[in-house]
Amino acid sequence: MNEIGIGVIGTGYMGACHAQAMAAVGHVFEPPLRPRLVAVADVDARSAEAARARFDFARATDDWHELVADPDVAVVSITAPNILHKPMALAALAAGKHVWCEKPMALTAADAREMRDAARAAGVTTLVGYNYVRSPALALARKLVEEGELGRITQFRAIFDEDYMGRADFPYGWRVQRKLAGSGVLGDMGSHAINLAHFLVGPIGEVAAGTYTAHAERADEKGRMLPVENEDVIEALVRFETGVVGHIGASRIAFGRKNGLDLELYGTKGGLRFTQERFNELQLFKTAERSDDNGFRTILTGPPHPPFGRFTPGWGHGLGFNDLKVIEAAHLLDAIAGRSRAWPDFEEGARVEAVCDAIETSVTERRWTRVHTT
Amino acid sequence: MNEIGIGVIGTGYMGACHAQAMAAVGHVFEPPLRPRLVAVADVDARSAEAARARFDFARATDDWHELVADPDVAVVSITAPNILHKPMALAALAAGKHVWCEKPMALTAADAREMRDAARAAGVTTLVGYNYVRSPALALARKLVEEGELGRITQFRAIFDEDYMGRADFPYGWRVQRKLAGSGVLGDMGSHAINLAHFLVGPIGEVAAGTYTAHAERADEKGRMLPVENEDVIEALVRFETGVVGHIGASRIAFGRKNGLDLELYGTKGGLRFTQERFNELQLFKTAERSDDNGFRTILTGPPHPPFGRFTPGWGHGLGFNDLKVIEAAHLLDAIAGRSRAWPDFEEGARVEAVCDAIETSVTERRWTRVHTT
Amino acid sequence: MNEIGIGVIGTGYMGACHAQAMAAVGHVFEPPLRPRLVAVADVDARSAEAARARFDFARATDDWHELVADPDVAVVSITAPNILHKPMALAALAAGKHVWCEKPMALTAADAREMRDAARAAGVTTLVGYNYVRSPALALARKLVEEGELGRITQFRAIFDEDYMGRADFPYGWRVQRKLAGSGVLGDMGSHAINLAHFLVGPIGEVAAGTYTAHAERADEKGRMLPVENEDVIEALVRFETGVVGHIGASRIAFGRKNGLDLELYGTKGGLRFTQERFNELQLFKTAERSDDNGFRTILTGPPHPPFGRFTPGWGHGLGFNDLKVIEAAHLLDAIAGRSRAWPDFEEGARVEAVCDAIETSVTERRWTRVHTT
Amino acid sequence: MNEIGIGVIGTGYMGACHAQAMAAVGHVFEPPLRPRLVAVADVDARSAEAARARFDFARATDDWHELVADPDVAVVSITAPNILHKPMALAALAAGKHVWCEKPMALTAADAREMRDAARAAGVTTLVGYNYVRSPALALARKLVEEGELGRITQFRAIFDEDYMGRADFPYGWRVQRKLAGSGVLGDMGSHAINLAHFLVGPIGEVAAGTYTAHAERADEKGRMLPVENEDVIEALVRFETGVVGHIGASRIAFGRKNGLDLELYGTKGGLRFTQERFNELQLFKTAERSDDNGFRTILTGPPHPPFGRFTPGWGHGLGFNDLKVIEAAHLLDAIAGRSRAWPDFEEGARVEAVCDAIETSVTERRWTRVHTT
């Protein structure tokens, strides 16, 4: 079996997630290329060394340029702070490496387009970490849509609510600073919902939106109250190119929600409902001749829902969040080997950023706003 | 006990509902005024007579003017087609009757204002049939908000989805004609969600919206395809006077949903979730010191949730839709007797129509639009 | 339309429930006989008079014998304390009255048999108030079983859990005294589950059981600790005549459960799940060729599920507990008029008591015990 | 870091699961001993070699005795057919190896006792693969019980239903033969429920049970109908040493259930409900002063529920079934290093088999039967 060298930049949660996924993917799938963990980089040398030891990387470095330049590294995972995604990706692409970049891909639509153009020029495989669409349940949703089981799509809603910044005493930090984070919950979570809309319905043509910041100031570690520069809540209307109108919302202050990416999708023959908090399930309604025994079906995912069976033959036994990253890694390796096309790639990542950009323009201009994807 | 004479115009489902409620309210509650079923009117004399016999009204008529003029009738229930609400209400108010009018109150905001002004002038009690807010679960929601259990409100979403016009072969009729129905799903169902927003959060200052008509034509009984003149789906953003941004959506083609008035409400201390399809339950999340044992609580309504205990001492035994009409009737009788203030009255009904009006303007003008409530 | 005179003994919750149901049934259904509220009896004369006024009975009495002897009374509702069911029923049957008796029918199987025999001899209509089986959802369950949609039945479980005696300080009273209440949770709630087993599967041949009393003593109003004489929890195995083994359990101390009559039923082609706390829903699984889109369907009841449509055309709008009593009243009137056969009648009521009796014998003898239904 | 050599017998699903878990545990946890994958054995040499390559074992063999004798192997995982557990475990224990044995531990209680005695004599660490109790949600359940949050335990029920043998055409094979499988669904699935009862409540003193075989014959691959020798459904009552009565049931023919290990547990202060199909959630009811805002809480597991945080800091992001095996592996390594005590070990495994044995005796003798654990 052919091996392929992996380099991971960043050793936080997502860095660990990428490393674990690359270590596990050969055990779960039979990938065409077997990952070899070559290098891990972190600006803090001790973190880099700890991650090296934990995941059995061959080497560690505190200089990501070194990792990018490493001839043994063929795939670069970018899990560093969002503001660094662009320089890292451009460097990796310039070096001809495949790139697996965490979301959001960039802080602005212009940056995303630049990265997308660089990827086109490099001719390599890229993947943006919108991992939720890779679950067996959402893969089934996509399949049902493609098979026409729902008929023509007529309605779409998706929200993504969590409560990690619900408390007024959540400290001031990079997340609330425009320069470091760009938008607030829109980029961090709303972007997943936009990607999901693209996945199940298709391109969004225009948007209208409004935002709310519940906590106008937050205290830094010294207790100073500093202004919050981006939104806690975003509510947006979307108009798909098909004419269908939909809703996308997101919040980082919705107490009680922990992974609340909730979907509603309807067509002329049926409907789907889903929540990421129970992502091993899909709710499906199909119209039928007989009306008295019909209702939403709670589909528990299992071997009939690829790639569930790769993990366990036990229907209903459930995958976990980290398994979604393993699926993503397998998808990336398949694409690099030419077996399939990676998605969401930098093309899609840039499209998501274009929608985010239009949403922010709409908030300012207070009107329906066209999405520019050129 | 004092009696009060009731007249009901209309003998369809809502007419029956009003009559049953007035017949039952004395058995369930101890109202200050005991209803006496005096007269029922329907343009079809045989329907009127059948309803008279079924509900023990004293008399039947095919002329609603006669009912309004009847000196024994003190309360007029208006359950005739929406287009007739205005002339009937104006006549009843002019005659000094109390009015219980089904929703939507009117086809346009201007008409609603005219009815509201007439009610102000008449000085009687009015009530609009937005009955969902009268359930014990939503009464509890309101109480929790008022007590500050959720803190300051920061987020609101409500949708109202059903599927009664989901099938492409649902026939052409009054519902899809602007002249007879006004807007489509907005007035029929979206108005409930707007009323709920007012009930739990307060006045809406501005809106932005989009609509979709999935079935551009429908066949009449002769098979002729005729154009549908109003929307199947409405999605709207709302900005409350407090600055909070929210979402309201409605659909009459959402396959599988039967009574899908779903609510999400968050504040700085907790959150609420609710669906009318399980309206005997309320989901509540309260922040707490201890984090490992917390989650949304599924509150089953019972005697601690007035007026549940009027119906049964059996906690969790459940009320039905028709019981909500009994609660509404009791509320109306209390107000007429001066024990409380009726809500949603014609003031509120006109406010709901003003929001609907702004939503329709926004759809046309494609921008955030101010709600005019003067 | 023919009228029929109604007499109700007892003015507690169930007395009110019977009176309301008889008052409402003509408005909701088109019964072959229209009830006239003739007489109400309560040992406390003031309660009797208050009920008379509230429900418009023609007369009130503090002597139930008088009510039974009243020639205008054709149907006697028995809602007095359980220990009085037998003498009242025997008197009513002797007078040739139809009898609607609350459950449990009697305190012992021997008493129940005596009442059944009297009913046989009288040749009138009897009905025992196991009202849950009359809901549209459970009627659908029965229909699906009869149509063979589940195949041959292979598995049954039903529990009935509530928490009304969960607190250790719930006071000592008639409920915990053998002489007044007979068994504890078995007769009060387990009997519903047994009736449900009969309704959906058929006769139970033998049982094995165990009980637990969590609170061995409870304090009376003077604070004296007195021994609890019956069980808080019953767990029983049942063997149907078909050979299928099942489970029936009940508890009055299951904190958080309010109306927890939960059902699981499986056959060679599918399965059903149900809880009374959401009795407007039924969960149905049907085997199918296609496996990837299957799961339990949450059926919301509506007009396709008789008699739901009698109450409202609004699918998913929901019935309430009191509506179940209206259905029961309509069922009784149909049977009296000869349109159908009343069930659960005194035959079935005696069968339920026979199963309870066998369960109590099994607890004592610690072995599988045959049900004696002679 | 100290390494420890792992040998895995069996390359089916559970073999893969053990291998993956040992490969991943060092990435997720910081175990005191780092596993080294030394050897894999399968009676089919090609399967052994394929597993070696897939998981990077140092060597493969078709002779499990060789693996057991390998001086580099310190831990032996036994995932071969159940009938082989005993000879393999005895050999491994005789060689002084630690043993991780899949469930059920043995086909009879006598065999289990023999294995337990060998483990006592060897003084090594043993673990039986009842992995469900290791989930963060059930760990929380145990913690709540230990802290007294539920008060004194008064009620327990657990079922384990699946539908893998629901279809009449599921082929005849080892699963239905007494000699090869022992009991039917009791050993395969009921044993998990028994282990769960021990985990949350404590020792079971006596049992009463009944079984049902829905499909008396099944066809082998040549279409011959052969008799099924064990049960499809088991229903058992259990009496804990505390006196509490409970219920345990299991089925392999419950259509629609895929991983239906459902728990109900009540005490004098609250209650718990759980289903393995949603094992990232726990339902908790706690009694409280305020009654109108109380109900079962749906606790989503997250970092406050160890060891969830080892996998992801993302509350509500969910673990998968395979993650439970990683937790189990970490638990085993901790115990080997002396940091904790392994559970469920061979002591507990033998206790589970003793309960199964008593249940089978009860079925035959048709009476409450004492559990013999000597």
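Per-chain numbering from 1; labels A, B, C and D assigned in written order.
Convention: a residue touches a chain if its C-beta (ideal position, glycine included) is under 8 Å from a C-beta of that chain, and two chains touch if they have at least 3 such contacts.
Bear in mind the structure is a predicted one, so any value in this text is a computation, not a measurement.
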Work out which chains are contact partners of both subunit B and subunit C. A, D
Between C-D and B-D, the pair with more C-beta contacts: C-D
Which chain is most remote from subunit C in terms of Cα centres? A
CA centroid of subunit A to CA centroid of subunit D, Å: 35
Cα centroid separation, subunit B vs subunit D, in Å, comes to 53
Dist(centroid_CA(subunit C), centroid_CA(subunit D)) in Å evaluates to 40
Per-residue overlap in subunit D, given as positions that touch at least 2 other chains: 257, 295-296, 300
Interfacial residue positions of subunit C with respect to subunit B in the complex: 13, 16-17, 19-20, 23-24, 26-28, 30, 54-55, 162, 164, 257-260, 277-280, 300, 302, 311-323
Could you pull out which subunit D residues touch subunit C in their complex? 152, 154-155, 157, 159, 161, 166-168, 208-212, 214, 232-233, 235-237, 239, 243-247, 249, 251, 253-257, 264, 266-271, 273, 285, 287, 295-296, 366-368
What part of subunit D is in contact with subunit B in the complex they form? 140, 144, 149, 281, 284, 286, 291-300, 304-305
